[in-house]
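What follows is a group of structures, each given as structure tokens.
Look for subunit A in each of the two complexes below; its partner is subunit B in the first and subunit C in the second.
Moving on, here comes the complex of A and B:
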């Protein structure tokens, strides 16, 4: 595969002015499309602003259907201004009609968005596809990030594809599989003696001093747009419908807000019939500042010190927590948390009913789904989509002691028959 | 007593380009007041119309978020480092 593909991913030329610039979410101030992420006037986050009339003139269901089987089929809805894309062929992952899990939970219209099967086994390949493409556009030579684990692997892999250097900062206590999953791509890996919020703070300071493309800091306005494709795909895979209810895990809240934005854009462009999903946020009890704010009927998210096995969700100071709460309220969803035991049970339930092995964040989503189904918050006939965003092979440690151990046997037919109780009676003696 | 303050890039246009300043304040609230007195344009950037810290402004003393300490009442001692950092999403 080309290191950096120069083909136009959608069969559609780029360079049309579909991007108006960056806009502050708080005060509305406009900025040019540069590697910046904070409004100078009010510190609000910057977000890509589009010319939806220009996009509307060019986009259609048919045009999307002709695109590649990856997130690049939605290129017109992404902030790409050049012709070169960093293409890991991320996205267009299965939307599974979850009959078995639905039966177990009493839900008749349940789907699981299986994003465990991306190139680096989590949804992070989506935002990093956009961030790395923009890093090349802006002429950076180093791709960097602060990571709870999944982002580390995604950044390292996309840097490899693009021929960029990678410098990755992780909390020192990260799961070994996630460390190996990043190391394999040969980045500079820095284990910081602190939690994710410490890592993020340090990286914010580094990003101001060195000209590196920190995907979740100075590239964040572009990076985060990649998560919108999780809404586009679900809608297209449902036959261009908006689900009634989406269950989405919340760490920083970036994914949550972008899934909402994605559904809204499809409606705005007339690609789907009108409608809004109820947006429900799933957190781990050991790091649930958004759920705490929701339960306390406030939009003010107080930071916490995370203590949970769901390390990919262990962000105690969620930057998009405020916006997530507003969306939950506006959409009629809820925020709900599950404890570590429920997370493990969620992982096991999804695996044994649908054959999907999710990481701990997926256990959070399924745990919350189960809890809300049992308490009647989810109607049995609602069209529900549960977002499972990372692969279970990344967090195998979470299942230590929670699985049935292998049966140890000698290599003989008799021993296996005995061990598995395959014969009620002892075998007859051979005459 | 002297404390150091790290100024983030979006604020440097109002601190004459300085990335680090020193101040002599007993607590974080006083420190902000001192900064605002020296650089009048800094106030509206950090505080909303009601004088409260803006939602996306995070303050740290020696790497700890002041919301885990005593907020604007957090005491400062000589040699402390205060950082003003915009909220960033993760990872």
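Moving on, here comes the complex of A and C:
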């Protein structure tokens, strides 16, 4: 398949608009589909609004099944209006029936969505697939973001595929090794000298001044829609069912709110039987503004200064924190945080039970899953899906000192037998 | 004339102060509040400040010195 494909994925052409426009989440004002993200009236965030009747006329389980084995099989549910897609073949990652982990936690119906195996090893390839496709559609020549890790890699790779320039902003004090996974794709890398708040402010100003596609600023309404595919896939992989309970990590809350939106759309379109999942948000204790608000019974999120090994979730002032809290409340889920030790334990538990090596964000999800299973918040028979969104090779330093050391031996059969106590247990020897 | 959109978050001791009024008196800036949520012990405000670049900067620095937290309306932009 062409990397930048001018064939429409799924055999679905662009005739018949499925997108109504952008709509303000606060005041409801409609806007045309342009690279804008803020309502002119109330400065509220904009979101893509669809014509579900038009989509309903064209979409079906069969039509989806005929599509490519990537997130583009759901193109009709994505805000794409042109023919050209930027295709990294992201998505359609495994949904693992987690028997071993389930047994360890006393859960009989547990699944893990293994999104560690995307092209740049995190779920960020999903939103960035959409953001880069829209950037091409809008005629931008530069794809930009501010990131300390996963988003940087996804943006740099998709810019490479699309033939766009990539411009990536990082805080100057970031260790260079953090960004190698992005540097490999040859982006322009800008280290901004200043504290975290300075970097946030200056990037917001850049997005205002320059005609660049800043994926999580002016492209955010489109970007965030890509995460809905994590709901579509899970449902399709479950045989078009809605899980009882989804455990989703929260940084800005974009992923969390879009997984909820995705399940809701499937029900609205009659692609699944009615039902809503309980939506549970997982955060690291060292950066848990949403959990703090949840525990305090308020929808007001107080910004915090992050201090956690889960760097990919370290957003102290989450744009979608308020919306995430509303969903948690409406869906009957909870918000829960785990400390750094529990995150490391979560990573190790998932690896040794299911053979999946996740980064710290996955440790947060599994840590929270374990905590809620043990405290009875999760029922043993609930159909639970734990979202594991990034690859462990990205945060290896988080496991320093927490893993078993190799057994040192001399190069002799005898020495190895002794070290492994093979002679002592003849029954365990190779048959 | 520049315009900047931002979010002000007020700590409890500032919630009852006429801070926006004072800022307009102290500096040559015009404030236009678009959305706000103020309760007895906390509050936030999403507003647009217009004026000269340097004057906006001075006004915002002053607000921060008073104890206001100032953020982009987009929330945190540096992502993982």
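The criterion applied here is as follows: the second predicted complex is superposed on the first by the 403 of 431 C-alpha atoms of A that agree within 3 Å, B and C clash if a C-alpha of one lies under 4 Å from a C-alpha of the other, contacts with A are read in each partner's own complex, and residues count from 1 in each chain.
Simple rule for what comes next: a contact is a pair of C-beta atoms (placed from the backbone, for glycine too) under 8 Å apart; a residue touches a chain by one contact, two chains touch by 3 or more.
None of these values were measured; they are calculated from a predicted model.
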Exercise. Based on the superposition on subunit A, does the combination of subunit B and subunit C result in a clash or a fit?
Worked result: clash
Exercise. Counting only touches as set out at the top, which of subunit B and subunit C does A:303 meet: first, second, both, neither?
Worked result: both
For this session: Could you say whether A:41 touches subunit B, subunit C, both of them, or neither, answering first, second, both or neither?
Result: both
Exercise. Does subunit B (first) or subunit C (second) touch A:148, or do both, or does neither?
Worked result: both
For this session: Examine A:171 and indicate which partner it touches, taking first as subunit B and second as subunit C; both and neither are also allowed.
Result: second
For this session: Pick one for A:26: touches subunit B only (first), subunit C only (second), both, or neither.
Result: both
For this session: State whether A:125 touches subunit B only (first), subunit C only (second), both chains, or neither.
Result: neither
Exercise. Regarding the shared-chain residue A:224, is it in contact with subunit B (first), subunit C (second), both, or neither?
Worked result: first
Exercise. Touching A:354 in the superposition: subunit B (first), subunit C (second), both, neither?
Worked result: neither
Exercise. Once the shared chain is lined up, is A:198 touching subunit B (first), subunit C (second), both, or neither of them?
Worked result: first
For this session: Please write out, lowest number first, the residues of subunit A touched by both subunit B and subunit C across the two complexes.
Result: 26, 37-38, 41-44, 145-148, 150-151, 196-197, 200-201, 203-204, 216-217, 220, 251-252, 302-303, 315, 317-320
Exercise. Where on subunit A does subunit B make contact in their complex?
Worked result: 26, 37-45, 145-148, 150-151, 194, 196-198, 200-201, 203-205, 208, 216-217, 220, 224, 251-254, 302-303, 305, 315, 317-320, 322
Exercise. Considering the complex alone, what residue numbers of subunit B touch subunit A?
Worked result: 6, 8-11, 13, 19, 44-46, 54-58, 60, 63, 65, 67-68, 83, 85-91
Seminar exercise, completed: The answer for subunit C against subunit A in the complex is residues 5, 9, 34-35, 37, 42, 44, 46, 48, 69-80
Seminar exercise, completed: subunit A contacts subunit C in the complex at 26, 37-38, 41-44, 145-151, 169-171, 196-197, 199-201, 203-204, 207, 216-217, 220, 251-252, 300, 302-303, 311-321, 361
